């Protein structure tokens, strides 16, 4: 079976979600990956959407984070203040799943504006739940297609904090979660260097090269000493993904 | 006690030029019929407050109702941009005050609670405090830890949609309840549009009840959340959300759509058949 | 994921000497069976936290479990005094930290929210800030108004009673829900005792659901809220609350009652027939 | 029909509750009076208990503020944090109904301790919901039997603020409600002097005298220039009260 780069990206993201975890899900690719994990190796994954739906088990992919199917299949539906205050903020949720318009070498995310904030070249949707998901979840997985436009040296606007500007910044800011430990792209997987907390390439998806990944990154991307090759999608994974979308 | 009155009358009482107005509904129960009536009544100079501007404020911004927008996520969920919002911001013709969802949700809670501010673990390390004056640090008087404060949101007018009300104006809503209760309680004047008026509010799991004496106006507006939805009465018109991208990309196409589908309609007119939700109303729990 | 285990095992895991312990339930769903098991296991040096100490803490204080009490209203509702509590305070053998209901409810909310403190309009002008160190002024960074802060309550152990749980440990409770959710979420370790374990948690209007992964232990304890009650399973044993006045007035009468009705019982033993609620369990909604 | 002083007190209190108001009800005499009002002239009175029951319509008097009958008959039941934060604190509730162990000439209430707080002669139950009810309700009605022990010049402990120590204190403290505008006893009714905010006698119940009321008050109690006689209980009122208790 052949597959697209987006399919590989989604499957690689789904694999990072283990059974029994709780996952705060953004819309789009994160939702697809989280629902794929629940349909394959992680049936006990708890999906939490910022609309207040805890334990949603949709039988089709929702378009928005507030589609009726999420409320109808949830273990419980709580108010929006409650989902942020009682569930996200105290660090109860294991994994946050985010997208990004721009992401920089320290995993900081921009979803606010390209260019100057007051006079933007492109106005993006803004923060939504992302800043607090990035701050409070046990760890964050970012799913984003790799390109020089998206993978920048420094984001134009810090909407959600990754590792700040240097190792130790998260602790200095009082952020409780471990931050963006995994950035999954259509080319491979980036993870922070344990010392500098700068993102470097740890996995290449089948058929991609380090040069390709470096070409799609606006900072001098380095590879981890243990650079690995992602396992290709299995037929089961592809089938489950295609049934979902 | 809430007054149960026709939508046009309620909107005229509740929304005035220059008001701060919050039309809420987190994806679910967005009060489109009320927004359309505000547009038809020609209100202007409004400060529009909403976590997710969604199509409802894209329409109000495009029609020139807004002077300022207070918001936390301005996209078309699962589709892309809100073009009227985006154009207005990029052309600097709309003042914005920008928060995160957590910040706005807590600001509504403070408003509903009669407090001047709320405290949260939020915004730290982001660039938002640098561009939004209503985000300030606050220190815990017991631990010395620094947290973040946001001021209460207390709109002049708060409007939400709900499943139903009884004849005395007690309101019942269920499904994704969002910040519906908070916005009604935080607002100086409130209006709830409902799918139907019933004799008795049979209890429903997960339902929020707003007692009549905590609401100012209730107006019947069947189908009034379309293209958003009302759990038990309709499903989200995802096709319409997708189609909106093309309708709204260009101001003249947008204006022509608004003329045909909003301005020329009377208050309470159901949405055009092509854009209605596939599920028939009435299958409530 | 919550572990579903017998009550004696859960109490042994959750409550240790010297812990801060909150057994909550606002009149309704008070976890008496768990309290009795704590007494039988001989725990001591506890900081007991509860808005209304009620008979449950009168018993624990009288049995010498407590070093300190954090509370907001220490009476026998509708009857009079809590004699073991009153004697302990009047003899200065129990340290107290005293709040209002609003202060404690908000302190639990802060605990559940992962915040170090909560803000309220409360206590101003009263003598409580003068005697309770955990009440401090805080100034709104936007308006300059002075309000009141209380620190979060984050008990070592939080215990509540509920109607039922499923086999995976998801908990469902309804009726007066009090601060049940907050205390479970605010505590380092939590235990929920339930009337019954069921296959499926059928939705119930007004019900709160605590997902299994937010609870540490669930233990079956049918009748475990007596003489408090469990909506749908039992009614409040008001006669017992009235009778407690005479039982507890004198320490020796009290001790003899505790010996006969608590110490000599095994964990999970239903209350003595004479003191049981008149309504049979099982008529739930 | 004859009646007791407690019956007169309860009926006088019930009469102060008008139809359409919302009333935050404490347990004991306040609950009896509020339920009596709802059964007689004020069927549209909304009863709110601190247990979170809004619009309770009990068919018998509850012993506690959390009896099952309150939840079963309520328009809605909310959590205890919500009842205090969303409903009481913003000043949404018209009338608060309180009891007292001690009350002083400025309507301040003590339900905490008689004697020294740290070494009390009598330890009382404490604050409960009273401080915030006294602060935030539109106005407060206090129901308490009149005696020199209860009606003191200055309470030993201010659990709930009435008018503080002088006119204008409530505004200085930022308390939003109008405070204890009515104190109903078994002898008569006290209301604050519009100038000094000191409580003075405005009504005597049938068969009582000013001297009696003064004798039962530890401060020099004065009568309002318009001192009136309370209307005696009607047979309907007495019948409804006796059916309730």
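Remarks
Which chain is which? They are A, B, C and D, in the order written, and residues in each are numbered from 1.
The rule we apply is simple: a contact is a pair of C-beta atoms (placed from the backbone, for glycine too) under 8 Å apart; a residue touches a chain by one contact, two chains touch by 3 or more.
If you're wondering where the values come from, they're calculated on a predicted model, not measured in any experiment.
Common neighbours of chain C and chain D under the contact definition above: B. Separating the centre of chain B from that of chain D, both taken as means of CA atoms, is a distance of 40 Å.
Averaged C-alpha coordinates put the centre of chain A at 28 Å from the centre of chain B. The set of chain B residues that touch two or more partner chains comprises 109, 114-115, 120-121, 145, 181-182, 206.
Counting partner chains per residue, chain A shows two or more touched chains at residues 76, 85, 89, 136, 176.
Chain-to-chain contact here is organised irregularly, matching neither a line nor a ring nor a star, and falling short of all pairs touching. All chain pairs that touch, listed by label, are A-B, A-C, B-C, B-D, C-D. Against chain C, the residues of chain B that register as touching in their complex are 114-121, 134, 136-138, 140-143, 145, 147, 149, 151, 203-207.
Residue ranges on chain D touching chain C, taken from their complex, read 27-28, 50-53, 62-68, 70-72, 76-77, 79-81, 84-85, 88-89, 112, 117-120, 122-132, 135-136, 157-161, 164, 169-170, 173-176. Partner chain A is touched in their complex by these residues of chain C: 1, 109, 112-115, 170, 181-182, 185, 208-209, 211, 213-214. Against chain C, the residues of chain A that register as touching in their complex are 20, 22, 46, 54-55, 75-76, 85-86, 89-92, 136, 176. Those residues of chain C that touch chain D in the shared complex are 26-28, 51-52, 71-75, 77-79, 81-82, 85-86, 89-90, 92, 98-102, 105-106, 108-109, 120-128, 131, 145-146, 175-179, 181-182, 206, 229, 231, 235-236, 238, 241-242.
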